[in-house]
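Two complexes follow with subunit A in common, the first pairing it with subunit B and the second with subunit C.
For the complex of A and B:
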């Protein structure tokens, strides 16, 4: 058996399947749009799941292609005279193809891991569940493909199956509306696009998806080894059972669609003072943030009532959950760039200052950004300029305000900045708060 | 060298390796290509001759358990063969080269023969040496690690024989094994047949009367689904006269038998 498995690994479509999945999957997660998995392991696991949209149909087609070998080689007559039962005969090639899709998918994971290994720290168990469901989806696909290729041994089976698989994945959301829970259970790519930094997958959802996919896989296997119509009819049982068990386990609440990992949001802090804390999922960036954050705190110290700590702003929305407002804490937005390092690291000093002089997100009042920017750069003693600022108008406005501030006597300007800081701790910053009536 | 199990050395419990009485086998849905055939074969090399359409290949398929008998009785190695019989034990002792030999082109000769040995449920530890021996016996040693798709027609035929004999079958069925072999290879093949026939029942279907005379202990001639002659090669030759068609005594015997049979059938 081991020797025959070795032969099948070398001579079946296993190696080609593995390489195809690995190469296409890797290209997709890196180059299709942008890198969505820079935040960490969960984001990588979910991004891999998203591109099952293509890998799942490919695995179906690979199975169907491989299964046609017996027909293509015209060995039916010879093999019908051999003692080993069909189920045993197909076992080595099934194993080889299963290993191929598993290895292909895990290679995509490794390729992604190489990119984020330097900064990704937080590895919750749910990551393994998300990867496990992805693997199960590919195993189910290749087994179903093998069964289809065996029952319909035609050259068009493989491409047709790929199209049907791709279309099914795309049509599930529409077909199951408004029962999103059902669509989410059936489709392994549901809710996997652009995962947020604190996103996770509910364990019960993964369990339900696993049950459904396992049922699908067993059905494929039964169809593959079936010798007669009885087993083929019986093959609907596992998939029906998987569907029923999955539906029993699957949560109905809409909340599970965007589950938040509260442990990922918990703060991890620098060891010495002044304290700089990032969410657990971004803990690997602490070294990059601590230096500039402390520099900003030093600059801020000149302002009365200055904060003494910097925390990551871990706000999540719908439902809105904000970190508590504390007078001695600046809440800093932390974004991870395409390179898995801090996005716009050069702006961190200015950003800490700006956030100290703005309303926190929890205020629900977002105006006064140009005022905060002007004040921040007045404290830094240079003209406003931000690498990562998308709103160039706000920067231009800040430049004008900054010039106005610079024209004022030093203690008058310091008083204005102090007043702005005080307003920021009370959600009272508005447009024009900095210079008020003295606007140039 | 290999270990011989007690089961292998035990005397057979059957009289004939192949025994058919009134055997009927369908080719396709309705046509009885073998119809009322009586045949008894023991150890030795038996040549199966007959014109195209005589039912040779259908008979071979039935003996190989690829087709179930539609009527009559068929006994292989003492076991009755029917649509509902458990054929697993019998099949371990069969070797079969179909007329259309299917193979996996990406496999090497060694891999394919090994794969077939596994499908024939040979015990694992003996497989590599049995595979090597089978490949050596058909003279493919130098090509053992070549892919099947790179082989010439004659080499493929020999690879097909290698897979058929790898399990030392008690009943070996070769359907047109000499197609594609050059004269030298055919001489080697006859040698191999004589060797195989010493303790197995070998049935070789062919159009080449010369091969039968050279390598077979006896001859089975078929026409229209029945056996019309079974005897030694000397008997076959004795049926021929100088007036019969053919370039050799055996060919003249063959055409004389066929002509006489057709004349009787026409009457």
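For the complex of A and C:
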């Protein structure tokens, strides 16, 4: 058996399939739009699933192409005279193609892993479920492809099947509306785009998707080894069973679409004081954040009522969940850049100061950003300038405020910054709060 | 006449023609049944062109291309006619839908994609052989439909199939592919010595 499998691995479309999936998948996760998996392993697993949109139809086509090999070599009639059970005869090639899609998909994962291995730490079990469903989708695709290529041995079958598979994935959301739970179960690419840092997949969703895809795969296998109409009719059973079981397991509520991993949001802190804490999913960035964050805390110490700790702001929205407001904690937004390291690391010191001097997100009141920026850079003793600031208008405004602040006598300016800090702890910062109004 | 019939038979033309037209008809029926809009979505239009072209791929070679290469026939004009007819077979049914309830348009996009994809297929057939000639058109087109890039000109070249019909970069890409495919396949014909 091993010898036959070895021959099939070399003589079938397995190597080509594996390389095609691996290369196309890797190109997609790296070069399409941007890298969406810089945050961690879950994001990588979900991004891989998203690009099944292309890998799934390609696996279908690969199976159908492989199944027509005997026709292409003009030995189909000859081989059909062999006194050997069909199942036994197709087993090596099925194994070879299955290995090919599994290896291709895992290679995409490894290629992505190489990018984030330095900073990604948090590896929840759900990651394996998400990858497992992806693998199952490709196995089901290649088995269905083999079956279709065998039942309809025409040169058109393979490309047509790929188009049909691709179109089905595109049409599932429209066809299942308003039953989103059904669409999510049927389509392995549903809700996989641009995963947020704390996003996860509900285990029951993965289980339901797994059951449905397993049913699909078994149906493909039965069609592939069937010799007569009885088995072909019976092949409907596994897919119907998978659909029914999956539907029984699948949660109906819509909030599974944006499942938040509370363990990923839990804070992981630096060992020594002053404490700097990041969410578990970003724990690998702790070394990059701690130094500048402490530097900022030292600068802040001059302000009365200054905070003594820096925590990551782990707010998630719809439903809104905010970290608690504490007077001695600065809530810092942590963003992971395309290189899987901290985005705009040079801005961290200034950002900690700005966040200490502005309302936390949980206030629902977002004004006063220029004031906070001006005060922060007054504490740093330089003109406002941020590398990663998208709102350049706010920076220009902050420059004007900063000049106004610098013209004031030193203790007057210090008093105004202290007042801003006090306002920030009460959600009371408004535009113009720094220079406008009476001196406290 | 007799030669033409034999040629078409040796190119599996009846089956390919049936598959191509049936593919277009199937897409037309699907859209008519499931959509309220008269104008077919651009993704569906491109997919339909892809189906029609993929179905005709098989006609780019015969049962024994090696043997045919030894024939003292003037292949080049015949191959030009073959590709032009193939383009008509793809484009005419789609353009005919413009007067029906499910319009596969705009015409510029249909003709651009049909010509470009046929050229790409012919080019592949020259290099890889007709049996494998659909690999590249299929993979490329599905990718382009999935993410039609509009920003840099390179993005529009890479996803030319899904661009607006008046897009210069996409039109130029399709023209280059069409002419290259026409020239290569007419000059050299389908690849010989391709293992199964």
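Things worth noting here:
In this section, the second predicted complex is superposed on the first by the 436 of 440 C-alpha atoms of A that agree within 3 Å, B and C clash if a C-alpha of one lies under 4 Å from a C-alpha of the other, contacts with A are read in each partner's own complex, and residues count from 1 in each chain.
Heads up, the rule we're going with is that a contact is a pair of C-beta atoms (placed from the backbone, for glycine too) under 8 Å apart; a residue touches a chain by one contact, two chains touch by 3 or more.
If you're wondering where the values come from, they're calculated on a predicted model, not measured in any experiment.
When both complexes are overlaid on subunit A, subunit B and subunit C end up sitting side by side without clashing. In the superposition on chain A, A:80 makes contact with subunit B only, not with subunit C. By the touch criterion stated above, A:69 is placed in contact with subunit B and with subunit C alike. Once chain A of one complex is fitted onto chain A of the other, the partner contacts of A:318 are absent, as it touches neither subunit B nor subunit C. Judged by the touch definition given at the top, the superposed model places A:160 against subunit C, while subunit B stays out of reach.
Contact with neither subunit B nor subunit C is seen for A:253 once the two complexes are overlaid on the shared chain. Angle at subunit A between subunit B and subunit C, computed from CA centres in the superposed arrangement: 50 degrees, to the nearest 10. Remark: least CA distance from subunit B to subunit C after fitting both complexes onto chain A is 5 Å.
When the two complexes are superposed on chain A, the residues of subunit A that touch both subunit B and subunit C are 69, 73. Per the touch definition, subunit A reaches subunit B in the complex via residues 1, 3-4, 7, 10-11, 69, 73-85, 89.
Of all the residues in subunit A, the ones that touch subunit C in their complex are 20, 24, 28, 32-33, 53-54, 57-58, 61, 69, 72-73, 154-156, 158-160, 162-163, 166-167, 170.
Contact residues on subunit B toward subunit A in their complex (touch as defined above): 61, 64-66, 87-89, 91-92, 94, 96, 98, 100-107, 111, 114-116, 118-121, 124, 127-128.
Subunit C meets subunit A in the complex at residues 12, 15-16, 19, 23, 43-44, 47, 50-51, 54-55, 57-58, 130-131, 134, 138-139, 142-143, 145-147, 196.
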